[in-house]
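Right, one structure below, let's go through it.
Every chain is named by a letter (A, B and C) in the order it is written, and numbering of its residues begins at 1.
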Amino acid sequence: MRISLFITCYNDTLFPETGKSVVRLLERLGHEVEFPLEQTCCGQMHYNTGYQTEAMPLMRRFVEIFKDAEAVCIPSSSCVAMVRDHYPKMAESTGDPGLVKAVDELLPRVYELSELLVNKLGVDDVGAYYPHRVTYHASCHSLRSLHLGDLPLRLLRKVRGIDLVELQNIDQCCGFGGTFAVKNGDVSAAMLSDKLRCVENTRAEVCTAVDNSCLMHIFGGLHRQRTGVRTVHLAEILASTEDEATQ
Amino acid sequence: MSIRVGEAAEAPSFQKAAFKLLDDAQLRKNVRHATDVITNKRAIVVGEQHDWQQLRSAASAIKQHTLAHLDEYLLKFEGACIAAGGHVHWASDADEANRIIIGLVKQYGGKEVIKVKTMTSDEIGLNKAFEANGIRPHETDLADMIVQLGHDKPSHIVVPALHKNRQQVREIFMQAMGFSELGDKPEDLTNAARQYLRKKFLEVKIGFSGANYLLADTGGVCVVESEGNGRMCLTLPNVLITLAGIEKVIPSFRDLEVFLQLLPRSATGERMNPYNSLWTGAHKGEGPQYFHVVLLDNGRTRILADPESRQTLHCIRCGACLNTCPVYRQTGGHAYGSIYAGPIGAILTPQLFDMQHSQSLPYASSLCGACYEVCPVKINIPEVLIHLRGRVVREQQSGANLEAIGMKAMARIFLSSRRFEAAQRLGHIGQWPFVSEGWVKHLPGMLGNWTAVRDLRPLPKQSFRNWWREREKASAKSAQDRSRSTKNLSS
Amino acid sequence: MPESTNTREAILNRIREANATTPSFEYRTIERNYQQTATLDRETILKTFADRLHEYDAQVLEAKPDTLAATIAKVLLAHNQKSAIISDDFSQKNLPEGFTFQRESESTTEHMNTAEYAISGCEVAIAHTGTIILRGARKLTLLPDRLLCIVYENQIVETVPEAIARLEQFKTEPLTFVSGPSATADIEMTRIRGVHGPRFLDVVLVRNQH
């Protein structure tokens, strides 16, 4: 398959390793990856903070850039949720039937990474090797917007060498919430504190998720408290093999 | 019009209030315990209800339909209620409602009123208005009593005094009820309340209630409760005044089969709450002989006028969204500055004010969506929150605040990959003043709230797209080399 | 009240304006695919009803029509009661000898307030939720400390929608749904029974079918 990668603005800038891992993984599975360089941002931050007007042209750009893609892979469930939950309404509000149609036709081709692997490519064993104790945090968008269910866990269970341990209160919000993390920093910190307690109780070395937004926030706390626990995006775990010096 | 939602208009911002409340360890413990108990109970009784989703869908459709024909249903209710011997009054705002209610109490020569729990009366500030007019209101719900006697404010829709523990309640009761001795077991405290109120129930001639449902076909009213004080106030007095928001009306008696299955499970995690009372107008020779309903607008028609957020009016005040909200769990209800707290409070309060007040509330959420999942009438609260944030931004007096400037600048940057990459380069340079020993130690302005509690790595040296470009270049070059060498071989 | 009339028109107009372009659908098109009929067999329904009552700490006794009076006597004696107030429509033939019974309409509020025992029938009962629905008799079933309720097995339905359907013909009468003694969890979420309203509920389930 020819898979177009929408890396997301923050992964591109802050978590390039996640993108590299997605490329490595998909190529290892025998697929071709393309990366349209014109891409920037899906508009979620603006839309969710109340700047819906500013998010509109970003929606149009996304649709334009990916309109001919065979499949679009996005290693960020919140960005997929933005596209899936909000783009149709946004397009409708413009009163432009062409745009509505374009969004309609593009949506079925947009996948979060674990959706792409399991549902589209039909694989849950990606040949990964990751000999670490890992716990998985279910981001709110993956849970309640995308209804990923246990797709990421199915992929993780097939990783050789992994010691997967269940996270208590897995479905409780970590407290990131986009601009919420700074606009309501105190409550965000209180919520993070609960999540950290659950992570530490698992004695895992690594906390993973399908969203680097959550992980950035969780790691920020784990490191501030010098717990020694790391966060690693699901893509990076799945891309790890025995041939590589895994971190 | 003077819209009032308790004292929400004067309340501090959510952020300010939350900061203080997060320091109250007793409160946080109580809130956590209460919300844990109810959510666990709810999960069990909802889990066993195999048609739960079908009930939610039906309830949502009934509410949607009713709102689309609200005038018809209100008129239907009015006609049926009057035909059954009741009286119906209409109030545009809080002040008008208070005037009507006080007028009625005075008309019947009452100096005291026994009240059943209703948040709507807190919304209009009824008790204050009563007292200013020489009328003594007696709250009869245990928690509302605790709040009233303790000169406090409610912090939850269903369990308003959950922020108080038994010792605190004991102190309040001893002082207010004049006990020299009182045990602190919940049984002791409940017994004290039972004795104290029994006298009132038998003596006070005017009862006041809210309504969970107004039935349009019969003109009937349904009140859902647990303690029995509702039954006392609805049955024993000679006069009954019921205050209800206009959104409380449902088309027919039959629709109760849906709501009476959703409400108890959502509110208290029970298959059915102890008592539901239904009455229609005034029943000859039995119960109150004079019955008045006051229908309240107080900003609801304005919410109705907003197609994006009119679903707010579906709310049946179950409190499930509060119990499941990870933000509410940390702060309790007082942080919202409104009697309507938690997720529903965050959308209802500012909208009643037409967004003139309580503008911090739509931001008091991480948009996790847990509320929408449990809402029995399917209010898409995250969607409404985002919509209201849009209203706050659009209706800002000037776009000259730092956030708006920053967001607009970022939007411009995202409109072009060239500008985006330039911004990435700028970020690499601009971050250095904030980086120390390989970590971003602090950030300016509001971003400082991040680094106040979280560490942050500086930007990686190479962005993804630059890595990609390099890789493309390298593979193009090696493809070129390969084709050259095959050419050489073949030549 | 002139002010209220103007307000009435103003509110109705605001509603109509708000709904001017709202898409609407008819009431009868509302999809109701929640359960509306019984799926359990009768024995299971009766057992479920009894189980729910036990969960509320209600005492449940069984009787047949011809042993009902004796069962009522048993209950009263077990609590050392010589008298009770009964609902106006309670059938004389089901009252045991040797006790003093007074009808609700013959009792003052004060009397009911101090009486220990009230006895009533019911209109319909719901097994799934352990609910007993009373028609009228509001004071009787509220003031005395103990309520004895007679439920006939053919009054018991499985689901809430079935009960609502049975109540349709009485929907403008005062109805009370009772699902256990009153309760509060307002203090530290500890559930306390019997705040106001009867603290003790006894049910006699009359089996009149085989």
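The definition used in the following text is that contacts are C-beta pairs under 8 Å (C-beta built on N, C-alpha and C of every residue); 3 or more make two chains touch, one makes a residue touch a chain.
Owing to the predicted nature of the structure, the values given are computational and were not obtained by experimental measurement.
> Indicate, using Cα centroids, the chain positioned nearest the centre of all protein chains shown.
Closest chain centre to the overall C-alpha centroid: B.
> Contact counts by the stated rule: is the higher one at B-C or A-B?
Result: the pair with more contacts is B-C.
> Chain A to chain C: how many Å between their CA centres?
Taking the average C-alpha coordinate of chain A and of chain C, the gap between them is 53 Å.
> Please compute the C-alpha centroid of chain A, do the same for chain B, then give the distance between them in whole Å.
Computed from C-alpha means, the inter-chain centre distance equals 30 Å.
> Could you pull out which chain B residues touch chain A in their complex?
My answer: residues 14-15, 18-19, 22, 326-327, 330-331, 362-370, 372-373, 386, 388-394, 404, 407-408, 410-411, 413-417, 420, 424, 427, 446-447, 449-450, 452-457, 459-460, 462-465, 467-469.
> Considering the complex alone, what residue numbers of chain A touch chain B?
7, 9, 11-17, 19-20, 23, 35, 37-41, 43, 45-55, 57-58, 61, 140-141, 143-145, 171-173, 175-192, 194, 216-217, 219-221, 223-224
> Hey, which residues of chain C end up touching chain B in the complex?
Contacts found on chain C: 1, 3-4, 7-8, 10-12, 14-19, 22-27, 30-36, 52, 109-110, 113, 126, 128-131, 136, 138-139, 142, 160-161, 163-165, 167-168, 171-190, 192, 194-197.
> For the complex, give me every residue of chain B touching chain C.
Listed in rising order, the residues are 30, 33-34, 37-38, 50-51, 54-55, 57-58, 61-62, 65, 67-71, 74-75, 84, 89-92, 96, 100, 140-143, 146, 159-162, 164-166, 169, 186-187, 189-190, 193-194, 197-198, 201-202, 215, 218-220, 226-229, 231-232, 235-236, 246, 251, 253-254, 256-258, 260-261, 268, 270-280, 283, 286-287, 295, 297, 301-302, 304-305, 307, 310.
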